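Below are two complexes that have chain A in common, paired first with chain B and then with chain C.
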Partner chain A sequence: MLSVRHLTKTYPNGKKGLQDVSFTAAPGTVTAVIGPSGAGKTTLLRSLNRLITPEQGTVTLGDQELRGADAQALRQARRQIGMIFQDYNLIEPLSALENVLQGCLGQKRLLPGVLGLYTKAETSHALALLDEVGLRAYAAQKTRDLSGGQKQRVGIARALMQDPKVLLCDEPIASLDPQSTRTVMTIIADLAKARNLIVVMNLHQVGIAREFADHIVGVNAGRIVFDDNAAALTELAAAAIYEKEATALA
Partner chain B sequence: MPNAVSVMLHHQRRVRWGSLLGVVALVLASQVVLRVNVHQALFGVVAGWAWLGAHFAPNAAALADLPEILYQLWRTVLVAIAATTVAGGVALVLGLAGALPTSHLKAVRGLVRLFASLMRNVPFVAWALILLFSFKQNDFTGFLALLLMTIGQLTRAFIETLDEVGPGPIEALTATGATYWQVIFQGVLPAVAAPMLSWLLYMIENNIRDATLVGMLTGTGIGFIFDLYFKGFRYASAGLVVLAIIAVTIGIELTSNKLRQVLNA
Partner chain C sequence: MISNPELTADSLQPAKLTPTPRPRLRAKRPARALLLALVAITGYTLTTLAPHGVDLGAASLTFLRNLRLMFLQPHLGQETFAQLSQALLLTVALALLTTLIGAGLAFFLALITARNLAPRSLGDVMRSVMALIRAVPTILWVLVYATVIGLGTEAAVVGLSFHSVAYLTKAFAEAIEEVPKEKLDALRASGAGFWLTVRHAVWPLVRQRLLAWTFIRFEINFANAVAVGAAAGTGGIGYYLFMASAFYFDFQEVGLIVLMILVFAAGLEMIAVRMRKSLLTGN
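And now, the complex of A and B:
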């Protein structure tokens, strides 16, 4: 279980990113976070692996609390949390294989990690993951030369290399064409089931959320305004989430 | 709004005419102060070239100096390469400390940028003159002068290169639980290696040219023997030095262009 309780984040300029946000996400399910631009979706997602540190509340994965964790415990926890990004954030001059291998940096000792010395087992694991996302043939290709959909699949393989319990996705399909969107979403949804992953994903498209997610969290102005099964997201409920000043539904 | 635009255009026209007049005035003023005028300067250049052709064309006697010239040129090239590569190492560390994505302390970033700009803006000739007092005339003085200026140049270039990487790839690796140095070596350096090496090659080219000048001041290398031949009225040998310098700098430039192509492939 990933459990978020009373998270509150105020940016240094006084902007309220999150206000008393609570929800839980279960293994084997996809939780989609939807809401208008500026609602706080990215702030929420990045608080989950503490790329942003909220000033109040708790984020609990298993029995580890993350928001207050020290540097050592935080790195430990981050190893169990994979992340993929809208802009992929790959090291573009490196090959697909090298990018995937970097997913296990957190598990390596300092020196082999710094020097990029990977074991045979790690390399064959990385190749197997590239196979799993359908990119075995592109292992040696520089990621700079891949298409958007292919880059995102390398990103997914890199996250899987961590052997994570959680997969965070910040608008993973916002830069993709409709066909790549379906490929990537299908891969992620299947992975959630097959590996019993806790997937939390920010999305812009309500239709995609309804189709691929099990659980939907609606955010507006830093607050949770919807928290239910995907099936419960009626047109009316969706419209309410995207309202300028939505009134709390949950 | 249209009114504001036309006022602005009018203003721009005035500024343009104003600056043209200013330039003409400057040219006239400089001719008076320096006692030169444009047509004299043009004739002077033509006559100068003719004189150069007559006196500096290498002859058989000059060829006897060739081994010495090549040896000194070699030393100069080595000084330039050594200074640039050492500066590259220092600038890499300073660049990491001065760039936004890799350095989290604002004060440190500011300090590094200030230092780089100080180093960079003192011309290497000034460095050479200052250093002559403490280190006297030898190769090391020239090395130091080039080193200091190049540290400034490369630090600034590296900071800009690192800033361009942006926070994305760094965040992605941090999120895997990697430590700072793992992120730097595996995420940042591969992303900037090609542009950084490109800068290094460019500075080596520049420094070979500059090293000849520094040599005249520090009494070493190719600059020194040029000075020697020139002051000894051995113009043909001095001409050969110039030709050799040109050949080497062009050779280095072609080589580094090739290397750059390979790097960016």
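And now, the complex of A and C:
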């Protein structure tokens, strides 16, 4: 279980990124975080693996608390948290296979890691993951030559290479066409069930969130204004999440 | 009633459109005056600089004859071709060594200078120190070290490397800063530490650019290595050039040495053009 309690983040310019945010995400489910632009969705997601450090609150994965963890403990915790990004963040001069292999760097010793020496088992695992996302034939291809949807699938395979307990997805379909959107969302939803993953995902599209998520968290102005099952997200509730007035009500 | 004496009927009229001064013309005026003064000084100097006893026509002819001797009739003088080739190799070796030392050190210094990798305050300090070192010309650094170590190869190696480090640190740090923070975050988020992030995210994205900068610095160091050959007693082709010109006045040998340097520099330029092309096409 991923448990977030009373998370608060204020940026140096005084802007409130998160205000007393609490929710839980269960294994084998997809939690979609929705809300207007600038609502704090990315801040929330990046606080979960401490790419952003909140001032207050706790993020607990199993029995491990992340917000107060030291550098070593944080690196260990991050190995259990895979992440995919809106712009994929692949290393484009490298092949799809090399990008996927990077997912296991957090578990490697420094010298073999720096020398880029991967074991046969690691390479086989990476190839199997590329197969799982339907890109086995593109293993040797430079990722700069792949389409957006293919890049995102390489990103998913890279995250899975960590063998994570949690998968964080920061706007994973924002740069994709409708067909690639459905492919990527289907892969993520299936993975959550098949691997018992805790998936937390930022989304803009309410319809997609309803269709693929089990649990929806609505955020506005850094506060949670909705936290329920996907089925409970009525048109009215969705409108309230995206309304500016919701800020005042919250 | 208008109590303010300044607010009279006249002052309440719509403001008359007065032509605003043209600042560009104004700014040009001192520049134009300076130019005129310089032209006047040059004219006066040229007309009053009487080259007593020198026949300008004959001197120009001699100059052209010397150029012809240098470049159309190059010839060996005091040294054999093997000696000159060996000296050229020594100069190339000096340029290569100082470039490699510079690039190696600069890579690690760039990691603590680039804003997306190092703390901002450390980056600012590094940037200032490197700017200070770069502000002094390479040849002066060689002479500074020559006073400590003594004239010779050691001073040249240290001096050339010293300036190369400062030059390449700036160039490398700027190349590294172009790596988007999100790409680094992707590796950090997987638990990879600093060195693994540098090796697997920074290095593949910047290596071509670093190589191109290193090559540019090699070209600069080659030119500097020729100069310090004479100025700092390092030897190499620069030393023979100095001897042939200042000691023996052997224009044919000067011409041969200059042509040897030109051929090598042209070869370097050809490689540089290819590298730039491959950089642009991303291969």
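Operating definition for what follows: the second predicted complex is superposed on the first by the 246 of 250 C-alpha atoms of A that agree within 3 Å, B and C clash if a C-alpha of one lies under 4 Å from a C-alpha of the other, contacts with A are read in each partner's own complex, and residues count from 1 in each chain.
As a convention for this text, contacts are C-beta pairs under 8 Å (C-beta built on N, C-alpha and C of every residue); 3 or more make two chains touch, one makes a residue touch a chain.
Predicted model only: the values in this text are computed from it and were never measured.
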Simultaneous placement of chain C and chain B on chain A, clash or fit: clash
Which superposed partner A:79 touches (first chain B, second chain C, both, neither): both
Partner chain(s) touched by A:91 [first = chain B, second = chain C, both, neither]: both
Touched partner set for A:105, first chain B, second chain C, both or neither: both
Contacts of A:162 with chain B and chain C, given as first, second, both or neither: both
Partner chain in contact with A:113 - chain B first, chain C second, else both or neither: both
Contact residues of chain A, present in both the chain B and the chain C interface: 49, 51, 75-79, 81-83, 85, 87, 89-94, 102-103, 105-108, 110, 113-114, 116, 158, 162, 168
Complex contact set, residues of chain A against chain B: 49, 51, 75-79, 81-83, 85, 87, 89-94, 98, 102-108, 110, 113-116, 155, 158, 162, 168
Chain A to chain C touching residues, read off their complex: 49, 51, 75-79, 81-83, 85, 87, 89-94, 102-103, 105-108, 110, 113-114, 116, 144, 158-159, 162, 168
Chain A-touching residues of chain B, taken from the complex the two chains share: 168-169, 171-179, 181-183, 185-187, 190-191, 193-194
List of chain C residues in touch with chain A within their complex: 180, 182-183, 185-193, 195-196, 199-201, 204-205, 282
